[in-house]
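Okay, so subunit A shows up in both of these, paired with subunit B first and subunit C after.
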Partner chain A sequence: MKLTGRLFLIIMLIVLYLPIFYLAYYSFNSAGTMNEFESFTFDYYLSVFQDSRLMVILMNTISVALISSVVATIVGICGALSLYFLKSSKIRASLLNINNIMIVSPDVIIGASFLILFTFLGISLGSVSVILAHIAFSIPIVVLMILPKLYEMNTSLLDAARDLGATPSLILSRVVLPQIKPGILAGFFMALTYSLDDFAVSFFVTGSGFSVLSVEIYAMARQGISLEINAISTMIFLIVLTIVLIYYFLSTRKTVKRGDLS
Partner chain B sequence: MKQIYLLLTLSLIIGIGALLSTRFIEPPLGEGDSAIHIFNWGEYIDPDLLDQFTEETGIRVVYETFDSNEAMLVKINQGGTSYDLAIPSEYMVEKMQERDMLIEIDHEQLPNLEHIGEQFLGLDFDPENKYSVPYFWGTVGVLFHPDKTDLDFTEWDMLWDESLRNEILLVDSAREVMGFSLNSMGESLNETDPDKLDAAFQKLVELAPNIRGVVGDEIMQMMINNESIAAVIWSGSARDVMWENEELDYVVPEGGSNLWFDTFVIPETANNIDGAHQFINFMLDPENAAQNADYVGYSTPNDAGLLLLDESEQEDTRFYPTDAQQETLEVYKNLGLENLGIYNELFLKFKMNLE
Partner chain C sequence: MRRLLFIPYIVWMGIFVIIPIGLLVGFSFFDIEDNLTFSNYREFFSWSYLQMSISSFWYAFLITAFTLLVCYPLALIIKQLKLKMFWLFIIILPTWINILLKTYAFIGIFSREGLVNNLAAQLGLPELQLLFSDVAFVIVGVYIFIPFMLLPLFNSINSIDQSMISAAQDLGATRMQVIRKVIFPLSIEGVKAGVQVVFIPALSLFMITRLIAGNKVVTLGTAIEQQFLTAENWGMGSTIGVFLILFMMIIMLFTRTKSKTIGVGRL
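Entry: the complex of A and B
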């Protein structure tokens, strides 16, 4: 049983990661196609860096991801807290359902409705519209990441803090937030990855020369995959890998320093 | 908790920093700067030409891409964008025109229009070229693997050959599929006679055993991977596939085929109409057209530009058919909703007949 389990794990990891490594491998191929590996070259990476349009788009993508996930995390914390402290369980359940609908509804519909909303409000398409849309679809994910942590929290902690004379804001910053920290971290990084790989919503709300990588790659791929796409994808993969490592580092440090409640 | 504050602030600072850094990579448009916004298919122009245009005219180019005519239509139709120039396919030109989404093109501002071959102007979708100027053109034909079949596909009927059991891919498009069936019977692909359409449908049903799949854009990757012997496909896609997989060959069967275009249009959202005209004129310059055709690889309608291409290219009758062949090519006419409905319905019935 142990052996088959391990075998299964190995096969799954191969299935998951082989395409990415295949793609990364050929991004160094001087032959220009993904058929045969000729010799090693950095040409495609150089041409990505020399293409100022692509660089701008790469920067746009990173900044949209970071800004939108920070804002979504903050709003999401507030949302999760207010859901948790709601008195009426009926309202809570229906609000939670509204939250979940955003997650399960198709991106195309969300994107199209944002396009209609923005043009209706007179917000011109560009950096602002993309960031707003990304914040909006990230918030439900953050809420969903944080809520379970709130329910795991021992409520007697709150009572104890109150007994000891802590003000509500002190309770929030010293007791509640540290308790749900893993949820906040998870929510932030989920929002980050959602934003990085979103295509459908971004397609509708980009405009005025402002574009993000997913939209650009999709348009480029129509003509068959050029190895520049491999190069960009490899870089994005490395960026995400770094983010995951940071997350890992942050979330495991907690177990080392048990007393860290401040 | 400090970690979280630190993480969030740091992310915000890096995010805003990255956003600001783009201003140094490409300075933003100032008040006085002249610029045009272009909306084009991905990888469908030589980027050097954009720089060259800016050098020559001082007009900056803001360039965005789309991946389907329909997606483009939605973005322009909804407003909120200010594209000065877009490059839809010919059927979409007609649709946009019907919705009053296009601005008339002033031919006096386009002296280079004279380089466009006569056979590419004044076609049904825009009889006076009031709204559109051809950018690239192409055909519908058969992309096939010569080593795996003895057929050469000079006739559409060869698709029905028994040796091709389960080996043909079709593009998922009613007009193309019904069109080649009509062509194979010697009819026009703009036929509206219900009996003839029904006959074309019956003929397609007979083709069913040979068909491996009716697919969308994946058709290109499937052909690159040699998953099928033959595919009915647009010449542009065929060209892209043949770059990746040199074993394949493309042919436009005799007996007629479709002639399609991608064209410049000026959407009504345009702010810089003069700039858009200047850009069209710039792209119509024979040298630029040749350079662009060389980069993109599609067939250019620019006769003077064609003469500047390699001879092997000019004489490649697969992508630049002879005059006699071109005679048999037809542009799709707008058949009206009712007839299009019949086409779509028959095509759907055909697809449901497949296993």
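Entry: the complex of A and C
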């Protein structure tokens, strides 16, 4: 039984990683297809870097992700703090419900309703609409990442600061924000991944002049196999792997440190 | 001070949650010529739309059921491992690669001369027409949703008090009995959360249907995308959207979890 369990785990791991390695393997195939490997080539990587349009789209994607996560984190901090300090628990519950609507809503609904909204407000589809949309779907996630950290906070710290004569803004910057920093970082990180991972919402609000990577790849993939996509995905996988591993080791190291201190 | 903090959040949520949904509902009452009418709703209850909704539900059900079937044993196995958090992390890691890229990989894997057909040929099996079939759609759907189902399942299985399991074993329960009578009832909240995070998105997939299933599968999501971006009939698209939201609320009612944990899909 134990053996079959191990075997199952190994099979699942192979299945889960198969598509990623499959893409990577054929990204070096000079035959230009995803079935018979002819000979090794770096051509597709070179052509990705020489394709200025693709480079612009890559830059767009990264800028959209960074801008939207920074703004979403700032608004999310405001949101989490105001929910935390809210006196009426009824209003808090209903605001949290509204917050959760955004999280459980299918991407198609978010995309379609934002398309209506932007047309209604007269915002033309392009970089602005994509950034606004990404900020909008990231804020609720940031709020949810920060809120538990606020509730974990020891309230006597706030009382102590107040007794010692700290102004509200001083309490906020010197006591509250340092306490919830891990939540803020986690929220920012989540907003970043949601933004980079998004396809459906962007697909509805990109318009014709502006594009992000996932929308562009969709357009390319609909026309069939293009090994440039393989090359891009291999590079993305390596970058993501590095970032996630760094994040993983930093976060595990941090918990050890905190344990030592206490 | 506190008011000042409140304003950006409230304004933002108003503009991007309340107003869009309001607009969506509003638009559902307009036909393609901007007349105020119930015709979209009448059309939704026509046979072709009902058929589409039923088939969308059927595929979402299949995807959810198979995902659960794969993930439950997986969660049980990971719970018993020494480095369980590490293994969980390894399994979740592919989630960080854009769904689109993974779907694109399956175009290659399922194609006529792709990996699956190569293996089939070596085993002497006839060539399978996998790409652009509903089987392929379900397989890719299950693949995409495995991490999302696994997380809530693992969290609830992992939080089961080990002494419960030991007690059952001491009292002579077999392995299957322990799983069926102890572990499964105690992890039901995780199952509900997992079903919720898979079923609703599975109803609204549209990119995978287009790339993998060709036009064989039409989900509610595909229909919305088509009405909005191809037919430019926003009224009908909004109507389907309203029903998708309704279905979503019903599913959430059925899978409501007792604890206040909020199931964010990713780590």
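The rule we apply is simple: the second predicted complex is superposed on the first by the 220 of 262 C-alpha atoms of A that agree within 3 Å, B and C clash if a C-alpha of one lies under 4 Å from a C-alpha of the other, contacts with A are read in each partner's own complex, and residues count from 1 in each chain.
Criterion: contacts are C-beta pairs under 8 Å (C-beta built on N, C-alpha and C of every residue); 3 or more make two chains touch, one makes a residue touch a chain.
All of these numbers come straight from a predicted model, not from anything done at the bench.
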Partners on subunit A (subunit B, subunit C) - clash or fit: clash
Partner chain in contact with A:I229 - subunit B first, subunit C second, else both or neither: second
First, second, both or neither for A:V48, with subunit B first and subunit C second: neither
Subunit B versus subunit C as contact partner of A:V240, first or second or both or neither: second
Touching partner for A:P178 - first (subunit B), second (subunit C), both, neither: first
Which superposed partner A:Y248 touches (first subunit B, second subunit C, both, neither): second
Subunit B versus subunit C as contact partner of A:L115, first or second or both or neither: both
Per-residue contact with subunit A, leading partner among subunit C and subunit B: C
Partner chain(s) touched by A:F204 [first = subunit B, second = subunit C, both, neither]: both
First, second, both or neither for A:V75, with subunit B first and subunit C second: second
Which of subunit B and subunit C A:L196 touches, first, second, both or neither: second
Steric overlap of subunit B with subunit C in the superposed model, located at which of 217-225, 271-279, 307-315 or 325-333: 217-225
Common ground on subunit A, meaning residues reached by subunit C in one complex and by subunit B in the other: 33, 35, 74, 112, 115-116, 203-204, 218, 221-222, 224
Contacting residues of subunit A [partner subunit C, same complex]: 1, 5-6, 8-9, 12-13, 15-20, 22-23, 26, 33-36, 74-76, 78-79, 81-83, 85, 95, 98-110, 112-117, 120, 132, 135-136, 139, 141, 143-144, 168-169, 172, 190, 193, 196-197, 199-200, 203-204, 213-214, 217-218, 221-222, 224-225, 229, 232-233, 236-237, 240-241, 244, 248
Complex interface listing, subunit B residues touching subunit A: 1-4, 7-8, 11-12, 14-19, 21-22, 25-26, 37, 41-44, 47, 62-67, 71, 74-75, 78-82, 217, 220-221, 224, 240-241, 243-244
Residues of subunit A defined as touching subunit B within the complex: 33, 35, 51-53, 55-56, 59-60, 62-67, 69-70, 73-74, 112, 115-116, 118-119, 123-125, 127, 129, 173, 177-178, 181, 184-185, 188, 203-204, 206-209, 211, 215-216, 218-224, 226, 250, 253, 262
Complex interface listing, subunit C residues touching subunit A: 1-2, 5-10, 12-13, 15-21, 23-24, 27, 70, 73-74, 76-78, 80-81, 87, 89-91, 93-94, 96-109, 111, 113-115, 118, 143, 146, 175, 196, 200-201, 203-204, 206-207, 210-211, 220-221, 224-225, 228-229, 234, 237-238, 241, 244-245, 248, 252, 262, 264, 266
